[in-house]
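Across the two complexes that follow, chain A remains constant while its partner is chain B and subsequently chain C.
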Partner chain A sequence: MADTVVATPQDTAKPRRKAVSEKVFGWLLVGPAMLFIAVIVAWPLAETIRLSFMEAGLGGEEYVGLANYQDLVESRKFHQTIVRTFYWMFLSVALKLILGLIGAALLNAAVPGRALFRVLVMPPWIIPMAIGMIGWLWLYNGYFGVLSGTMMKLGITDGPFEFLAYKQSAFYSAVVADVWVGTPMVTLFFLAAMQGVSRDLYEAAWVDGASRWYRFRRITIPQIMPVIVSMSLLSAIFTFNSFEIIWILTEGGPRGATTTLIVDTYKTAISNFKFGEGSARAVIIVILLGIFSILYLQVLKLVNRKYGTK
Partner chain B sequence: MATLNLNAITKSFGAAQVLHDISLAIEDKEFVVFVGPSGCGKSTLLRIIAGLEEATSGAIVIDGQDVSDEHPVDRGISMVFQSYALYPHLSVYENIAFPLRVQKLGKADLDRRVQRAAEILQLTDKLHLKPGQLSGGQRQRVAIGRSIVREPKVFLFDEPLSNLDAALRGDMRVELSQLHGSLDATMVYVTHDQVEAMTMADRIVVLNGGRVEQFGTPMELYHHPANKFVAAFIGQPNMNFVPATVLGADQAGLTVELSGGHRMTLPVEPGSARAGDKVEVGIRPEHVTVAPEGMEISVRVLERLGGVSITYGETADGTRFCASLPGDAPIREGEPLTLSVAPRDCHVFQANGDVLRRQSAPEMTA
Partner chain C sequence: MMDRYTKLQTLGIYAAITVFLIFMLLPFFEMFMASLRPLDHLFRSPYQFWSEDFSFQAYSDMWDTVPLLGRYIFNSVFIAFAVTLLTMIFVVPAAYAYARLEFPFKNGSLAIFLGVNMFTGAVLLIPLYRVLRTMGLLNTYWAMIVPGVAFLIPTGIWLLRSYLEKIPRELEEAAFVDGASRMYTLRRVVLPLAVPGLIVVSTAVFIGAYAQQFLFAITFNQQRELQPLPAGLFEFIGYQDVTWNQMMAAALVGVLPVMVIFLFLQKYLVAGLTAGAVKE
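So, the complex of A and B:
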């Protein structure tokens, strides 16, 4: 029997016209998202970079080349701010991770009322930041605060102690408030990761005589290590960019003791109307976080190689 | 190696009692399989032996020593889990070495024991790999390796082959039997697969609803099932149960009339059976043959497996009946078929499920 050629619907359609309309349809789908990103991300970023080369204020703009960057490179105060920012970030993230790990391990333990405890860790994360910080302002207040009052009662101080009035105490008080806000999220992520570890692994180790601490060290930690690394990166970025906590508690004071890069940028650009210098700071933040993220991703790769399944 | 005695073990979870007064004596170097349907309590019983669950009452005695209150590691047992429970972040070497690292064994001794286990299980060239890079069978061997290095008194296996495909399961059955031979170890093995139980066990414990239905050698269970449950559970395809009425009992056995009207005198000890009693006659599918006279069934489904033809049909009163016939038997779906069975191959079960002991069945002990 001779072969019969039957035209399929694809053959009868006009392929050229269809290809074009598919392309247009694709752009129509992507378009809104692209427009959104262009307006919300790309344009402000480009504008920030442009402004960083300007002497810009309320009076107008003037191109100054790299002068803003040069000022920053030569500024001892700016160097101190960078060091302070990284110290703030590492201290706060370390505390969040340690407390998060301990909290998750406790919440993962088979104790009665475990579900209630899991809910109780969430308020710092849930309640609006401003309200939480006003609470901390009251706690840290020298005259009305619980902390100062308790210290006086215990005889640690002989008068009201204003936590946010002194350089060192203000810095560490801000760190404590930041840890308070950031720990619940870390805890819940660690808890979720711990719950994903097979119970059989623990039982097998138990049958082999491994202690609780040994099981935590040799099974739990390696099993959740990728989550620990990912969370530390996320937490580091959040902490680096943490603005509201410091601004509500101290506005970067006293005498710059709690001024991190993000606060410094705000103060320069918005409080002092030096848009050009502020933009240069913002660009430096982006570069620093970019470098930091790349380094972190390398660490994540190493961790996955060591603790991964292949 | 060691003996293992379970003395009147019971276990309850809240109000639900899952194990009822279980007593077993497992001999040194014996391979005992706990078998039963899902939820029968076999895994719970194994976990109680391991120390992962606490018995509500009763005692576990290993080598004459009551270990009921001992920590798992002090009981001298090791366990292979259904999921293998391998540490995915550790290499095969480190997985096998894990129990020895817990014991803080010296480096040389540790290495010697791991290498020996790897040799036994043919894993020497896989020691540097991680479990994720191994096949299911290899992972299973690593899990076994981890229990071997402990040099335990009793090995416990919790459905270790259930995650493997059928072909690999067959291979691993042989390997485990060989391993038992080479280690000369007391092994307790849990499975829901009666083929695994029959092929590997020295003795089988059939569990149902948290009770031991029968404890015996595979062939004892096959030829002398204690009750209808064991008879139905052991053997592939499952035994047929045909309703019958007792017509009379004498020294020759029990004369019954099957539901289809066919009469037979079965050589069983009549016990308390009397004329008029309702019983069930158990007939294994492999014991029937096509014959000109006998029990008539209507063939519904025919499975030609080559060597045998598994024939599913119904008797006149609707009782389902399965026959395992020669592969080339001239049978067609939808057609009637007359089957015959030798009376000495039949089992008789009373209304309460208990068996009437057969007079002429082989007295198999192994």
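So, the complex of A and C:
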């Protein structure tokens, strides 16, 4: 290479000296954050793994080997919870992505007032989830919620309909509330990505007589593909972890209809003081999320290579 | 010309946006309507969309029902600010190191940070409770601040790193040539250039800190005066009759300060968040 030809001994010596101090300096900068995470996250994680092999409660701890895990493997209820969690996740993420894509396309349209619309989309995302859920609790109430009220006025139902009282309706009501929380972020990421697409592409297609729909399908979607992929995996993780939404709306009920893995873990460990069994569930969650994270990074790499982003 | 819509198309776009916004804002609208409703309306049948005796009474009564309400609103904002500040103190040096320096175990440690990003505190509550108890932090502000910071550090590093990578290296190298130390360069050259990025990341961290208070507050803090708004609001349920109308009024008034802050920062946020998420 041309560089090596002109390099003098002095030039090569300098970077090496710099590299030594760089190592130390790098760790000095990263160290505090690492230490913090180690104490507050890594250590509790290790403790969770240890507890998962224990029969543990308020009374004390006793080593039971793999018994907690064996119980889970054999429990039909736990299998149902896993299936429910994934159903919850796929349904909710799919809706968030579809709504996010439609929302972003709408907010990207060159119509007057769009700056205002963009601001109005954000509130569900920026307010504390617990507060948003108070609003949904009310909406879903059969006696004083506007949804049930409207249904009665329109004659769809005779009396008050409690959305959260029946297994099916409670599950889908929780999905809707979760979609409500997650959609603004997805929308804004998609919107920002759409605005990053070069106008030249659209103009070239427009000159060739391509319709709007064609341009959206053949230019917008492929161009923002990396963002779609990263958002879908990120929101999958958020949705999987979604706890407060379900907890405030239904506490996992009625009769377990909205109990996802995370709610199950919380119920077992915190509500019923079965620390060991709860920890075994937590470990399974961590393993599942670990697989997700690896998948996330791999797919992101692949997509970025294919679509050549930066 | 390409962007021009026919009248019908424009109408369609507005109609669709309206439907979309109704979904996004319906709970807020419902909360507002509920706050106007006198309590004895709750079980009135048939359902009434509007009635003559709707009033703003709840907005003044709520301060008497839950005397600590003002304190809760303050706590919420205070905790979120404290979490943001602390998080940034840890994030800025680390993000700089990941963006610029080569050091042993760099990729491995970054992967660990990302791993933390993937799960929430909800699975670690018991051991976390014990850690906080050992450190004597239970029932203090710290009980809510410390876990908040831990779970936001990874996000912060991830977002800020990609920002710092965009600052041209030449400027730092020029400072080095002039004999500036690494610390000096970081403080005087890099940080001033990174201000827009810092705003974006701080705002994102703030949103996270503000949104995630509930779980840590109900688990690690029993001290009523220290509760943040999301936890404190549930006090309206604790009394003989649930004063729903006041609870709704309190929720709306409580999030107002942050909404206003956010209104000023939203422009930076949208532009900046994308930069962090797309880059590998």
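Going forward, the second predicted complex is superposed on the first by the 262 of 310 C-alpha atoms of A that agree within 3 Å, B and C clash if a C-alpha of one lies under 4 Å from a C-alpha of the other, contacts with A are read in each partner's own complex, and residues count from 1 in each chain.
Note that a residue touches a chain if its C-beta (ideal position, glycine included) is under 8 Å from a C-beta of that chain, and two chains touch if they have at least 3 such contacts.
Quick caveat: nothing in here was measured; it's all calculated off a predicted structure.
> Return first, second, both or neither, reflecting whether A:222 touches chain B, chain C, both chains, or no partner chain.
Touch partner of A:222: chain B, not chain C.
> Please indicate which partner A:165 is in contact with in the superposed arrangement: first for chain B, second for chain C, both, or neither.
Touch partners of A:165: none, neither chain B nor chain C.
> Looking at the overlay, what does A:82 touch: chain B (first), chain C (second), both, or neither?
A:82 sits against neither chain B nor chain C.
> State whether A:206 touches chain B only (first), chain C only (second), both chains, or neither.
Both partners, chain B and chain C.
> Looking at chain A, does chain B or chain C touch a larger number of its residues?
When the residues of chain A touched by each partner are counted, C comes out ahead.
> Taking the superposition as given, does A:67 touch the first partner, chain B, the second, chain C, both, or neither?
In the superposed model, A:67 contacts neither chain B nor chain C.
> Which holds for A:306: it touches chain B only (first), chain C only (second), both, or neither?
A:306 contacts chain B only, not chain C.
> First (chain B), second (chain C), both or neither: which does A:148 touch?
In the superposed model, A:148 contacts chain C only, not chain B.
> Considering only the touch criterion stated at the top, classify A:91 as touching first (chain B), second (chain C), both, or neither.
Touch status of A:91: no partner.
> For chain A, what residues appear in both contact lists, the one with chain B and the one with chain C?
Residues common to the chain A contacts of chain C and of chain B are 203, 206, 309-310, listed in rising order.
> Which bits of chain A are touching chain B when the two form their complex?
Spelled out, the residues of chain A in touch with chain B are 198, 200-201, 203-210, 214, 218-219, 222-223, 225, 306-310.
> Please output the residues of chain C touching chain A within their complex, sorted ascending.
These residues of chain C touch chain A: 2-3, 5, 10, 13-14, 16-17, 20-21, 23-28, 30-31, 33-34, 37, 41-43, 45-49, 76, 90-91, 93-94, 96-98, 101-104, 106, 109, 112-120, 122-128, 130-131, 146-147, 149-151, 153-154, 157, 182, 207, 210-215, 219, 228-231, 233, 244, 247-248, 251, 254-255, 258-259, 262-263, 266, 270-271, 273-274, 277-280.
> Can you tell me which positions in chain A touch chain C when the two form their complex?
Listed in rising order, the residues of chain A that touch chain C are 19, 21-30, 32-34, 36-37, 39-45, 47-48, 51, 99, 102-103, 106-107, 109-111, 117-132, 134-136, 138-139, 143-146, 148-149, 152-153, 160, 180, 183-184, 188-189, 191-193, 196, 202-203, 206, 226-227, 230-231, 234, 237, 241, 243-244, 262, 265-266, 269-270, 275, 278-279, 281-282, 285-286, 289-290, 292-293, 297, 300-301, 304, 309-310.
> Would you pull the chain B residues touching chain A in the complex into a rising list?
Where chain B meets chain A, its residues are 50-52, 71-74, 77-79, 81-83, 85, 87-90, 98-99, 102-103, 130-133, 146, 150.
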